[in-house]
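Here's the structure, in C-alpha cells; my notes come after.
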Amino acid sequence: MGKKYTYYPGCSSESSGSHLDVSLRAVAPKLGIELEDLNDWNCCGASVAHVEAGALPASALSARNLANARAQGNQDVLTACAACYLKTHHTNEKIRDKPGFKEKINEALGAAGQSYDGDLHVRHACEVIVNDVGLDKIKEQVTNPLEGLKVAGYVGCQTVRPFAGTEGGGDYDTYEDPEFLDDFIRSTGAEAVEFDSKTACCGGAIALMSPDRTLGLIKKILDEAKEKEADCIATPCPLCQQNVEMYQAAVNKEYGTDFQIPVVFYSQLMAVAFGMDVNKDACLDRNFISADVIAQKARK
Amino acid sequence: MAPNSQTILVVGGGIAGISAAIEAAEAGADVVLLERSPTLGGRVAGLNRYFPKLCHPTCGLEINYQRIKKNKNIKLFTMAQVATVEGQAGNYKVTVKTTPRHVNAKCTACGACSEAATSEIPNPFNYGLDTVKAAYLPHEMAFPMRYVIDGSVVGTPEGDAIKSSCKYDAVDLEEKEKTFDLTVGAIIWATGWKPYDAARIEPYSYSESPDIITNVEMERLAAHNGPTKGQIVRPSDGEPARKVALIQCAGSRDTNHLPYCSAICCLGSLKHAAFVRQQYDDSQVDIYYIDIRAHDKLEAFYQKVKADSGIHFIKSKPGSIVVGEDGRPTVCGEDTLGRDIYANAYDIVVLATGMEPCSAREYRVPVEVEMDDYGFIVPKTGNGSGIFSAGVAQGPNDVSTSVQTATAAALRAIQAVRG
Amino acid sequence: MSDRKAGVYLCKGCGIGDAVDMDAIEQVAVSEMKAPLCRQHDALCSDEGLKVIQDDIDGGEINQAIIAACSHRVMTDRFQFNGTQVVRANLREQVIWCHPANDEDTQMLAADQVRMGIAQAAKFDTPQPWTEGDFNRRIMVVGGGVTGLSAAREASLTGHEVLLIERADSLGGWAAKWSRRLPHRPPYRDPQDNDLGALVSEVEGDSKITVMTGALVTRTEGMPGKFTVEITRGGAAVLETVGAIVVATGWRPYDANKLGHLGYGASPDVVTGVELEEMLANGGIRRKSDGQAPKTVAFVQCAGSRDPEHLPYCSSVCCGVSIKQALLLVRSDPDAMAYIVFDELRTPGTAEEFYRQAQEAGVVFIKGKVKSVGADLTVTVDDALLGEEVPMTGLDMVVLATGMVPNSTNPDAEAEADEFQEQLKADINPAVPIPSAGFANGGEGEEPQEGFPWPWKDKTPTGGSILNLQYRQGPHIPMLADGFSDSHYICFPYETRRTGIYTCGPVRRPMGMAESADDAAGAVLKAIQAIGNAAEGAAVHPRAGDLSFPKIGYDICTKCRRCTVECPFGAIDEEEDGKPVVNITRCRRCGTCMGACPVRTIGFDNYNVQMISDMISAVEIPDEFAEKPRILILACENDAYPALDMAGINRHQYSAYVRTIPVRCLGSVSMLWVSTAIERGYDGAMLLGCKSGDDYQCHFVKGSAIAKERMSKVGETLKSMMLEEDRVISEEVSIADSARVADLIDRFAGKIGELDANPFKGF
Amino acid sequence: MTANMAATIPGQSARKYDLGFARWVYENIEGGDKLSMCMQCGVCSGSCPLGTEMDYGPRKLFMMVRAGMKDAVLKANTMYNCTSCYSCVVRCPRGVPVQYILQDLGRAAARMGYQEAKTTDNARFAKAFIWSTRKFGRTDERLFTFKYYLSFGLGEAIKKAMANMSIAIKLVKTKRMHLGMPHRIKGTKDLNAILAKAAEIEKREQGI
C-alpha cells in the first residue's frame, strides 16, 4: 500500500483540466500514492481572486481548505494544480510563519466555527513524485516505453516558482531550468528535447481574459517546440495546458502559422507508458489537438 | 609562557599568502608557506592585467618569486594543505596533507615528459577553455618551475612512457598522498577565493552557450598565454568578439547568491572593456551595472573608460540572457534610466561573477576561527591569538588591499610568535 | 678580489649537450678564456652535479663558480654554495630553447654566453655590507589619529620604541569626534561603538610610546636607521633620532565654502557630514537655525568628490558615513525621513549589508545629480530613475557628504621655496588615456583625447611639507596627481620613493577607520624591515637583501650632479661644493646613478660599468665578411629578461645574432656600454625595458624613463661616428611579451641585416 | 496596526518624496514591508513577460511609491499586466515579493475607487470569478466566463462568446466542459461567512 495524501483536485479538475485529474488518479496507485479526496474543497482563488476579494479573503479561501484537510488527519496535502498549490502552500506558510497572520485567519475561520494552526504540509504532486516516489519507481512501472517520442517538457511558472527551490517547497528543483519534468519524460522512455522555453510564461489568467495580450507569449513556446521537432508538449500545469492547446488556433490565425502540437500532462504520458487505457486512464481523447501520436509511439 | 615556536605558517600561495610570507620573512621571521595547487600565484597568476594601470600581474610576481628564491627564511610546500590544527598561539601542531604531483624535486623542467605524454586533460590554468598534456608545466611563470603529471596516466602505458622519458629520475608514479607535521607559533589563512559558480545564476544561461563566459575566463581569453594567445574571440567559432556585453553583479549583491558586493568586479569589467577596445578599433562594449563601484583613486580609471566612445554604460541588472535564433547570446532587461525594454545580441557576454571565499564551502578551516555568514574569516587584532587571515579569506578585497591585509597579518603574526 | 679561482661548469642536461658541442665550449673556456678549471656534467642541478662543484670548492680548487646551464631565474636555491660566488650563463632558455640545435650560430651564441660569464666573474666581487655607526630602531609616527595611534601601538607590540608626533593638543584626530563608527565586524549591519578612546588610552599608557602633542616635525635628515628629526613644540625645538618614519597625517574635510552651489553658506541648516557627526556626538542632531530636531533630512553624496571642479577622486567612505548618519536619525526618531541622494552608491564588500540595513530602516535612496540646494533647503535633483527634475521641498536639513583631502602637505604650514613647489606638481597623471587601437577614439584617425580633466595635474596642494626632508630632491614626500602621497598602489602598496618613510591611512588613499588601522600595521612592518635591513647593510624592496651599494670614485667625480638629480629615491645628497654623498640605507640599488655618471665612476662591487663593458667585449665578433651581425641586448632583469626566458620556455625562435645581458634597471645602463659595443663591432644594440610615462611599470619608478631620455642622445653620437641612428633602439617590453619580444628581435635583426656591417669591426 | 487606520490613508501629496503614501504601502500592502529594500536594479521589469504592456515596470512603480506619486501609481496598468509568473520574485536580488505587491496594489487601487483600476479586464474577470466562487464554492468555467463577457454589455458578451464558440464546443466534446448544473460545495454558507469576516478584518486594518 502506498503513502496516503489528502488530495485537493481543484476546480480545473472538473472542467478544462479534467484529464490531469483522471490520469493522475489512474497512475497514483502504481506510484505508491494513495489519494484521499479533501472534503468539500473550495476554489483556491488562483491569481485572480485577490484583486476583487482582497488579500485576507483570498487567503481565507485556502485556509478553509486547510482547516478541512486538518480535520481529515495530519497527512500531507497534495495538489496537482500549480495555482492551487501556490495559493494553498503560501497561505499555509503565512499561517505558520507570518506574525499575526494566524490570528487574523482564525478570526475569519471562526465565522464558520473552524480553525487551523498551520501544521500541515502542502505539496505539489510533482514534488511528491520527485521526493517521495523517485524516478526508479516510474521506470519500474513502464511496460510500454514511449520510444522515439520527442517531448518538449513545458513546466510553466507556478509549479516551480516561487517555491520549488525553498525548503518548505521540498527544494526539489530550480526556478529557471528545472529538470524534474524532463526526468519524468525520460522515465517513460520518451526523449526530452532541450527546451529553453520550459519556464516561459503562457500568460496565465490574462490569456483567458484578454487573449490578444498573450498570444505572442504562447507563440514563442510553440515556435520552440516546433523548432525542436517535438511530437508533443507535456506540462504539469492545467492552465498552461489549456492556454497552449486552446489558443493554437488563435495563434495560427493571428500569425499565419500552422501549429498542431498536442499538449498533454506528464501523467497522461505515464498512463500510456504504464500500459493503461489510452482513453479511460490516459484521457488522450480529452485533448482536442489529437495526442494519438503518444499511443502510436508506445511500444506495445 | 614563552612561545615554543617562532615559525609562522601561511596557508595559501596566492598574492595574499605570498605577500604575507615574504613580508614576515624579510622582517626576519621563519615562514612555512603552503599552497594547495602545483604553483604559487593563485588567482592573480591567471589574470591578464591588473587595473588600473593595465600592467601584468606576472611583473609583480617575478619580483616576489625572486624575493622568495633569495630568502632563506621561507620554506615552500606546494600541493599541500592543512589537515588538522591542534594547540594554541605559540604552539600549534599542524598536520599537512600533500597530494601527489608525481614529479619530484629532481625535475629540471626540461619538458621531455610532456613530449612523451599523449593524452590531454582540461587545462586548469585556462579554466578548462583548452586542454593540456597529462604531463604539463602549469604555465610559463610557474613557481616552482616544475612539471605535474596528472593522476589519470598512473598505471597506464602512457604513464610508463612518461616515466622512461625523464632522464633525471624525476617522475614518481608511485607517489601517494602524504602527511607530515609542523609546529608553528602562528597561522595566517590566506586561502583566497573561487569564482562564484555562474551556472547557478540560471537566467544567465552560462551553461547554454560557449559565448557566455565569466570574467575570469575573459582574463584567460585576453592573456597572451591563454587558450587563444590573447585573441578575444567567440569560443563557439573563433570569430573576433567585437560586440561584447559585460554583466555586473552576476551573483554578487544578490541575496539569492552572494549577498555582499565582491568589490572588484566593476573595476575588472572596466578593464575588460579596455581589453576589447584595445584589440578591435571598431568594437562596442556595453556594461550592464547597478552601481559602478570604482572607489577611491580608482575613480580615475572609471572616468577614463567612460570617456571612450565605444563603451556604453547601461544601468540595469539584466533579467535574463537567452541564446537568440542566430545562436548569439542576447541580453534582456530594462534600462532603468530610460525604461526601455531591451534585447541586445552580442558576440560574447561576460558575467562578472563574484568572489566566494574558499573558506565558505570549498575548504573548511580546521581550527576555530571567527567566521561571518559568508565564510570570510574575521580578522583578529592585538595579542592573544595566533590565528590571522589575509586577502580574500578576510573579505572581498582587490589585489592592493589584499597585500595590505597580508602585510598587516604578517606583522600581527610576528607579534604573536615573538610574544 | 685578488686571487680569483673561477671554475666553469658546463651542464649538458635538458638537451644542451645534444644541441651544442660542449667540448668546443670547453675549449673556449680553457684555451681562450684561460679558465683554470672547466668541467662538464650531465645534470649539474642533480645532487651529484652539485657535489662536483662543492667538492671543488671544498678542495680549494675554485672560489667562483661559473655555471653554464639554465637561466639564473631557476635553480637559484640549488646553485648556492655557502657564500661562494656564483655566476650563471644561460645556455638553456636563451640558447637551445630558442635557436636551432647543432647550428653554427647557436654554437657561437653558447660560446659567447660562457665568455660573458667568465668576463663577468673576473670583475665580480662579493659585496661587503655598509654598517657604519649606530642604527636606531625607534619608529617615529607622524599623526595621532586612528592611523597613527594604530601604527604606534602595533610598533610597540612588536617590540619597538615609538615617537608619536601629533600637531593637535590631544590624540584622536577626526575619528575622536565620531559618535559611532562604521560596522567592520559581522554582521556588518549596525553602527558600532567608537572604540577610539580605548586605543588612545592604550597608547598613552604604553611605556614604549613617547607621545608629543602640539608638535610638528620641522626638519628631517639622515636615512633609514639614522634619521635625525627636529620637533618643534610651542616654539622650542628638540632633536630626536629614529630609525624609520611612518606618516599617518590623515585627511581633512574638503572646504565646504567652495560648495556654494550646494547651498553651503546660504542656509545654516546646510551642514557637512563632519558637522553632523559632531552634533551626533554632542547630544543629537539640531538645526543650527532654531535648535529644533530636523524631521526631514537629505544627504547629498559626492559633495566635492568625483567632481572635476573639486576633488576628482571618490572619497570612498562618504556613502557609508551618510548611511550611518541617516540610520542614527531614523532610529532616534521613527517619524523622521532621511533621503540619500547619490550618483553611484558605493558600499563595497560586506558594507552592502549596511546599505540593506538602511533601506530596511526606511531610508530612501534617490539616484540623481543634485543641481542646486536653495536657501530654503530645496534640493533640486535630476532624478535619474523618475526621469525628471525633482525639487525636494520641505526639508529641515541638508547634509553635504564632503570628501577627504589628504594631508600630504601641512595646510597650515608655510609653503617651501618655489623650487620645491615644483616637486608638488606631480609627475604622474593617473587619468592619462589608455593607448590602444580603439580606445578613446571616435574611430580611426582620431587622436586619443583626455576624457576627464584631471585638474590637480597642474595645481599644487597648499601648505608646507610634512617632514621637511633635507634631501637634495626636496622636502616633500612625492605625491601623485590626485594629491595623495605616492604609493605603488597595486602590488606593493607601501613602496614610496623615500626609503624608510612609509605612508598609511587616508594620506595614501581615501579609507575608513578599520582599513586605516590595518594599513598602519602594514606600514609598521615595512618600517621594521627598513630598520632591520639598514642595520645589516641590506637593501629593501625590490632588491631586498642586496648588500651591494653604489661607490663613487671621488678622484674622478666632476660634481656634475647628474646622479643626485636622477636618483629616483632621493638617496644622493650634495655637499656644498656639489660633491655627491650616497645615503646608503636610502639607496634601492637600482644603479640609476651609475647609468647617469658621465665619467663612469659610480659602481657596485658586483655590478659596474667595467664589468658589463668587459662582458660586451668578451663576445667574439665575426669579421665583416662573415655576414653574421652581432646585436647587443641590454634587458631589464625583472621584465624583459624573464620575457626572453619565457620565449625560450614557449620555444619561440628568434635571431641567434643577439647577445643579451640582464641589467638591474635600464636606468643603470651606461651609454658607455652602447658605445663600447659599437666600437667593438656590434652592428646594433637594443635596450629592452619597462613602460615609462604616466602608467609606468618600472619598479624603480623612473629608470626606464631616464634611459629613454639618455637614449635620445645616442643618435647624435652614432651620427658623429658616421653610423646610422637606427642601429640603436629602445623598446618597451613587458614580462608578458614573450611572443612579441621574439618578433621585435627578428624585426630589428632584419633591419640590421639590411645595413652594411659595422665598419668598426676588427678595429 | 490600529483600528482606525482608515483615517490615515494619505492623499496624493503635492510634494515629491513625501513618504506618507510609501509608508502606508510599507505597512498595508502585502509584501510592502519589503518594498523599501528595492535598489532599483530593474531585474523585475526586465524579467516581466508583459513588461512592454505596462505603463511603468514594477521597478519604476516602486520608485514612484517612494516619490509619493500615489495617483500615478494607482492609476497605472502595471498591476493588471502581471501574469503571476513569479520570475521577478525569484530573481529579485533583494527578496522583494514583487508580484505580491503588485497584486495587492491593484486591489488597493480598485478599493480606493480609481476608475482605471475598476474597469480593467482583470477587475471584470475577478468579479466574475469571485461571483462563481461565492455562489458555488468553486469556479465554474462556463458560467463565470460568460459572466465576465457580460461585464462588457450584452452585445459584446455575445460577440465574445461567439468568437470562442469553437473552443467551447471542443471542450465539451473532450469532456472538459460540462453542460449540466454547476458543482456546488456543501459549505457555501460557511465559505461566505469566512470570506465576509476576512473582508471585515481587512477593512478594519487598512481602512479600505
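A few comments on the model shown:
Just so it is clear, A, B, C and D label the chains in written order, and each chain counts residues from 1 on its own.
Heads up, the rule we're going with is that a residue touches a chain if its C-beta (ideal position, glycine included) is under 8 Å from a C-beta of that chain, and two chains touch if they have at least 3 such contacts.
Bear in mind the structure is a predicted one, so any value in this text is a computation, not a measurement.
Listed by label, the chains touching subunit C and subunit D alike are B.
Most remote from subunit D, judged by the distance between CA-atom centroids, is C. Which two chains touch most often is answered by the contact tally, and the pair is B-C. Legend note: the chain whose CA centroid lies nearest the centroid of all displayed protein CA atoms is B. Centre-to-centre, using mean CA coordinates, subunit A is 65 Å away from subunit C. Rounded to whole angstrom, the centroid-to-centroid distance between subunit A and subunit B, based on C-alpha atoms, equals 44 Å.
Distance from the subunit B centre to the subunit C centre is 23 Å, each centre being the mean of its Cα atoms.
Contact with two or more other chains is made by residues 345, 356, 385 of subunit C. In subunit D, the residues that touch at least two other chains are 39-40, 60, 87, 90, 94.
Chain contacts: subunit B has residues 203, 253, 315, 336, 339 touching two or more partner chains. Applying the touch criterion to all chain pairs gives A-B, A-D, B-C, B-D, C-D.
The touching residues of subunit B, counted against subunit A in their complex, run 202-203, 208, 322-323. Considering their complex, residues 13-15, 42-43, 45-46, 70, 73-77, 154, 157-159, 185-188, 306, 312-316, 344-353, 356, 384-385, 387, 430-434, 436-444, 449-452, 454, 480, 482, 484, 489-494, 509-511, 515, 517-522, 524-526, 528-529, 532-533, 540-542, 544-545, 638-639, 642, 646, 649-650, 690-691, 695, 697, 699, 734-740 of subunit C touch subunit B. For subunit B in complex with subunit C, the touching residues are 15, 23, 26-28, 48, 50, 52-60, 62-64, 66-67, 69-71, 106, 108-110, 137, 140-141, 145, 167-168, 223-225, 229, 253, 259-263, 274, 276-283, 291-301, 303-310, 315, 336-339, 370, 372-374, 376, 378-379, 381-383, 395-397, 399-401, 403-405, 407-408, 410-412, 414-415, 418.
Only residues 39-48, 51-52, 56-57, 59-60, 87, 90-91, 93-95 of subunit D touch subunit B when the two sit together in their complex. Residues 15-19, 22-23, 26, 36-40, 60, 63-64, 66-67, 94 of subunit D touch subunit C in their complex.
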